[in-house]
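Notes follow once the structure below has been shown.
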Amino acid sequence: MKISVQEADFDVGAEISALRAGNPQIGAVASFIGLVRDLNDGSNVAAMTLEHYPAMTHKALTAIVAESETRWALLGCTVIHRVGALFPTDQIVLVAVASSHRADAFAACEFIMDYLKTQAPFWKKEQTPDGERWVESRNSDEAAAGRWG
Amino acid sequence: MKISVQEADFDVGAEISALRAGNPQIGAVASFIGLVRDLNDGSNVAAMTLEHYPAMTHKALTAIVAESETRWALLGCTVIHRVGALFPTDQIVLVAVASSHRADAFAACEFIMDYLKTQAPFWKKEQTPDGERWVESRNSDEAAAGRWG
Amino acid sequence: MNIKVLYFARLRERFGVSEEVIELPDSMAMVAMLLDVLRARGGEWAQALAAGQNFRVAVNQDMAAMNSPLEADDEVAIFPPVTGG
Amino acid sequence: MNIKVLYFARLRERFGVSEEVIELPDSMAMVAMLLDVLRARGGEWAQALAAGQNFRVAVNQDMAAMNSPLEADDEVAIFPPVTGG
C-alpha cells in the first residue's frame, strides 16, 4: 500500500507501473483520477486551494485502504491526494488498485473513492468571479459511501 | 472516442493524457488495465496468443462504447486491445473513460469491460507445461454483462 | 446464394478450416439453416455445432441469433464464446 | 483536563481561530460536553455548532460521535463535511 498526501503533481503511468512491478499474479488494475474542472455548480473556477488536516489525512486514507483489503482480494493499492493551490485540469487524486480479477479491482477502487469523499479530511476552496467559496459537500457523496454497507 | 486493436504495447500515462487533453470540464477519469497472469485455472502460463476476428473487433468495440455513451454522460473514451503473442505481466487491454463526475466514469468503464468480455471477438490461447489450451469463457463474465440490463 | 463462412479459435482448429464459401438455396435464408447444412457433414461438424454446444454466430460482424436472416454474400462467423479482455 | 481543539476550513474562518487548548472539568469527558462549552461562547460559535448544523468531529484523528469519550490531552478537530477527492 502506498499512501501519499503531497503538493507535488504525480505521474499516473509511473505510479501504475510501480504498483504492478514484480507481481505476475496481477491481472487487473482499476484506477481513478480526479481533476480540477473549470466550471462547478454553475460558476467558473479560476483556481482552488485544498486544505487538509495533516495529522489525520494519512491516517484516514490508510484506514480506508485497509478496510478495502478486508473486503476484496487485493494485490496492491496506491492513493495519492494533492493539497495546496490547484488549477483547472490539474490532477487532484489518484486511486489505483491491483488484483487478480477485475471485479475486485473495480469495487475496491470505487469504494476507496467513495470513502475518501466522505471520510478523509480535505476541503476545497474555489476562486470564482464572485470571490472565494468553500465547496459544499454533496448528499450524493454520502449516498455513494452508504451503499457499501 | 479512440478504439485500437493492435499488436504493439501501449503507454497508459500517454493514453490518459491524450484522453484528457484540452477539456477542463473533465473531472474524473476511470480506467482499467487487463494484464497477462503467470497462473490461470491452476496452471502456469508461459505465454498466450490472442486471436481475433479482424473485421469485427473494431466494429464491436465501437458499438460497445457508443452504447455506453447513451447510458452515461461521457467526455471521452479510449479502448485499446492487443492481439498476437503476449507474456506474463504484459498489458492486454486498456479502457479509460472521462466524465465530469466519477459515478459516470466508473460505471461506463466497468460496463465497457463487461461487454468487451462477452461481445468482442477475441480468444486467448495459453501455453502451459501441459501444452496449449484455449481459455474457457467464464459464466461470471456472462453474469457481469447481464447485470446492466 | 453464396454465404462466406469464417471460423475462429477452437472451432477453426477442430474443423481445420478458417474460411469457406457455401452455396445455400435462397429459401434457406436463416442462420439455423446454414448450421443444419454444416451439421449434415457429420463428425466434428455435427458434434461442435450440436444443439446445446456453446458457440456464437455473427452475421456481417454483428452478433446474431439462430433466427437471424441471411442474404446473398453475407459474411457469417462461427466461433466459441469470446475470452478477450 | 486539557483538550487541544483544532478547526478547519469554513469553521476555522468563521471562528477566526485554528487551534486552542480548552480546559474541561474531568467530568465533562464527552464530545457533546465540549461542544456545549463552545456554544456557550455565543455568536458564531453558537450558530455554527447548533444542533442540526452540518459539521464533523474527530478525536485523535479518528471520526467521532457526540458520545465519544474524551481524555486529557486528546486532540479534537471540528470541521465541515469533507470535500476532497
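Just so it is clear, A, B, C and D label the chains in written order, and each chain counts residues from 1 on its own.
To be clear about the criterion, a contact is a pair of C-beta atoms (placed from the backbone, for glycine too) under 8 Å apart; a residue touches a chain by one contact, two chains touch by 3 or more.
What you see is a predicted model, and the numbers here were worked out from it, not measured in a lab.
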>> According to the touch definition, list the chains common to the neighbour sets of chain A and chain D.
In response: none
> By mean C-alpha coordinates, which chain is most distant from chain C?
Replying inline: D
> Centre to centre, by mean C-alpha position, how many angstrom separate chain A and chain C?
Replying inline: 48
> If you average the Cα atoms of chain B and of chain C to get two centres, how far apart are those centres in Å?
Replying inline: 26
> Whole-Å distance, chain A centre to chain B centre, using C-alpha means?
Replying inline: 23
>> Two or more other chains touching the same residue: where does that happen in chain A?
In response: 34, 102, 113
> Can you list the residues of chain C that touch 2 or more other chains?
Replying inline: 85
>> Going by the contact rule set out above, which residues of chain C touch chain B in the complex?
In response: 6, 8-10, 54, 58, 61-63, 75, 77, 79-85
> Where on chain B does chain C make contact in their complex?
Replying inline: 34, 50-53, 55-56, 59-60, 63, 81, 92-93, 113, 116-125, 134-137
> Hey, which residues of chain B end up touching chain A in the complex?
Replying inline: 11-14, 16, 20, 24-39, 88-89, 100, 102-103, 105-106, 109-110, 113, 140, 144
